[in-house]
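The chains carry the letters A, B and C, assigned in the order they are written, with residues numbered from 1 in each.
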Amino acid sequence: MLQFLVDALLRTADLALITLGLSMLYGLIRFPNIAHVQYAMCGAFLAYAINSAGAPLIVSVVLASILTGLLTLVIQLLVFDRLLKSGPAIAMIGSLAVSMVLVASVLGIAGSFPHMFSLPHTEPLIIGDARISHTQLWFVLTTLVLLTLFVLLLFHTQVGRAMRALACNPALADASGLNASRITNGVTFISGMLAGLGGSMLSLSTGAHVNLGYDLLLPVFAAAILGGLGNPIGAVAGAALIALTETAVTNINFGPLLGETLVFLPVSYISAASFLILLLALLFKPYGLFDREVRRV
Amino acid sequence: MYDFLIFTITIAGIYAIMALGLNVLAGYGGLLNFGHIAFAGIGVYATGIAHARGWPVLVGIPLGMIAAMILGWAMARLGRRLAADYWGIATLAVAEILRTVALNEDELTGGANGITGIPGLFESVASPWDQVYFSAVVLGIVAVTAFFSARLGDGRFGRALRLMREQPALAACMGYNLQKIKSHAIMCGGAITALAGSLYAHYFNFAGTEFMLAAETFVLWTMVMIGGMGRTAGVLLGVILVQAVYAFVPFLRDLLGFGSDVAGALRLGLIGAILLICLLWRREGLLPEKLRNPA
Amino acid sequence: MTQSILEVNGLAKSFGAFQVLQDVRFEISKGDIVGLLGPNGSGKSTLLNIISGFIAPDRGSVLLDGKSIASTPTFRIVKEGLARTFQLPSMPQKMSVLEVAMAADTRMHGVMSTLIKGPSMRKAERATHERAMHLLDELLLTKVSHLPASAISGGQKKLLGIVCALMARPRLLMLDEPTAGVHPNLRQDIVRALHRLNEQGMTLVIVEHDMHFIREACNRCIVLDQGHIVASCKPQELTANERVVQAYLGSTVAEAEVQMEVIEQ
């Protein structure tokens, strides 16, 4: 049972930061950016590259996140700002094209094999009947700290208030003197940083691989939509829900239902589970479970 | 050399049929279906399953088309209250679910190994003529599909669809049932793409899931957008351009001697770059949709 | 006894805390040309949107020829014989004026009949083409029929909107400010065209601000103010009606007369 919770917690940590970044940015730019998960992948590879060049792990991760944030900002300014003038549909197709270019670049430079970080080998911690490696524990704790910091930023600072005001009502925010483009650029940078952070920390366990972004696409979108796009706390809650479902789906023994001792869903059905939740979410609650999404008419 | 040419032409032809299918709902209808490849997958597996079950293999073609129409209807219903881009993500999810099911249901689909040994269309003919005949059949189907696709777009259904694409409120005011039109467009486009899927299975004698990756839908989208959305000639041009890139990369690889990862990256990157450039500078494609003036 | 074609009863609609329509009740007889007036914010657009099926009312009923159409989707209402135009119509960019007009004929638009294009389809297309050209001519749009529909002027777009509404051969046509932004020379032509349509049996409801137009075109007026019907009378009686004056000028007729006296002194 504890292992189940640990697994769910780990998966939540995998998704939370990236989902948060996506959700925050959506409130301001109003189109689903498919390339967002590829920013996470870029973060992972950047962290690997910097680490391989000799930098300590923490420095690599932080530096990679900052670089990813910059990359996100540059792409937003050069590409998406222009495409958005033609509408969210074109911007979404554009994000598709950007994804392709990002994946292709990484694939060409780094190849298709996962690049594992050389981490000190330590015995996993054992808590109760659950096992968790040091890296994973560090990951979860860091994520928790970052999320708390972020929520504090959003709700208890002037900058955070400005961000939320802009997301709720751009015209009014603009009229009351907030500099919309500066805030949007700031949020873009932060969202990219979060994606880079999430991606690089995730890759500590799985290695940096080209499919990292694509594998996250539907779970992250499912989480973001469930939580309500633009709702930061909802994003984390959505990530937790998706993580729980994924863990539950493959850990539940359906045997008793089918009159056998052990029947589990195949592991590859994990992804199908989150996609199904996404579909159900879109069908019944397209504005999120908490219905506090920043509405786009 | 000729083998490669015939291969390229046949593949281009199969993609052309798929792209023409996508054009009906995306080009004429403006519907953002990012899971369109699922229809091709249905065609591929319909033929594969027909073969695996011992049925006459050509039965796979109409079976696939009917199954595609059912899926199309379901996708349309999904979109009843969803904004266009949300629906795009939903269709992506549908395609991924189908792919996961195909990958896992060994009994039905052969799982990760797929279904092999699907006969080609001209089994009794000696090589290389069987390839040539196949190629001719595919090209013939492309021509017929292009003809009917243009007729659909210029005719009453196309007019209604295009009006819905640009001014849905006006279309509703005229008395059009938008949900029904969307549904029919998706079903029509899906059926066409499923046909191409069946041809694909016959050509490669194999039904597997590698083909159903979302990346393939993106290739189709690129073909339709680069060439010219909503214009049959444009779509065909887009197919030729993308296929040219695809065929060009192996040549480059032989010439410069880089590995398969780089080759894959180059293909993907070139397509992505072309799509991006197209969106930024020629949003309507190389052959934009023309104004129609009914005589 | 003239038959009533439209009966509205107890209609109410609020958006959040804002009550836009309260207990709206009126009846329109076949062959009427009714002017629907009211100051800005009186609820005219909402009323039009409810009757034409774009919004559902909170309460009340709308009967078209005795058949309830409240909360029915727009396309079904159009099939029942009710059509409407928009105040600021936006038109497609990639379709010509003629194509848009032809699209307004919604018969036979199925996939199979389009693909097969048999003799009945060809005949229908010819007939639609002819009718579209005829209506475009009536509303003086022949010269621009080959242009993209989004490229014509705002006034011309309004006229195109009327053409589209007429293609459906409605029994009741509702026009939303048909002359605002239209060249004054054109207004006479529109009045004449509307009278012609009325003689052929069409009932018209016209939302308008222009009093002259109302007096020339309509045989009856309904005045809306703050979500209520405040008057239902002939156009000539409008200025004498206390409640109408109050709605528009914010004072009673007597007060207005006193004010005039004060100014003149």
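In this text, a residue touches a chain if its C-beta (ideal position, glycine included) is under 8 Å from a C-beta of that chain, and two chains touch if they have at least 3 such contacts.
Everything numeric in this text was worked out from a predicted model, so none of it was measured.
Taken pairwise by the contact criterion, the protein chains link up end to end in a single open path, with no chain closing the loop. Of all chains displayed, B has the C-alpha centre closest to the centre of the whole protein C-alpha set. Centre to centre, using the average C-alpha position, chain A and chain B are separated by 31 Å. The mean-CA centres of chain A and chain C are about 51 angstrom from one another, to the nearest whole unit. Chain geometry summary: the mean Cα position of chain B and that of chain C are 44 Å apart.
Residues 52, 54, 73-75, 78-79, 83-84, 86, 89-96, 98-100, 102-104, 106, 108-111, 113-115, 117, 121, 124-125, 129, 146, 148, 161, 164-165, 167-168 of chain C are the ones touching chain B in the complex. Here chain B touches chain C in the complex through residues 148, 151-152, 155-160, 162-163, 166-167, 169-178, 181, 184-185, 188, 230, 289, 291-295, going by the rule given at the top. For chain B in complex with chain A, the residues that touch the partner chain are 30, 32, 34, 78, 81-90, 92-94, 96-97, 100-101, 103-104, 214-215, 218, 221-222, 225, 259, 261-262, 264-273, 275-276, 279-280, 283. Those residues of chain A whose C-beta lies close enough to touch chain B in the complex are 31-32, 79, 82-83, 86, 88-90, 92-94, 96-101, 103-108, 111-112, 214, 217-218, 221-222, 225, 266, 268-269, 271-272, 275-276, 278-279, 282-283, 286, 296.
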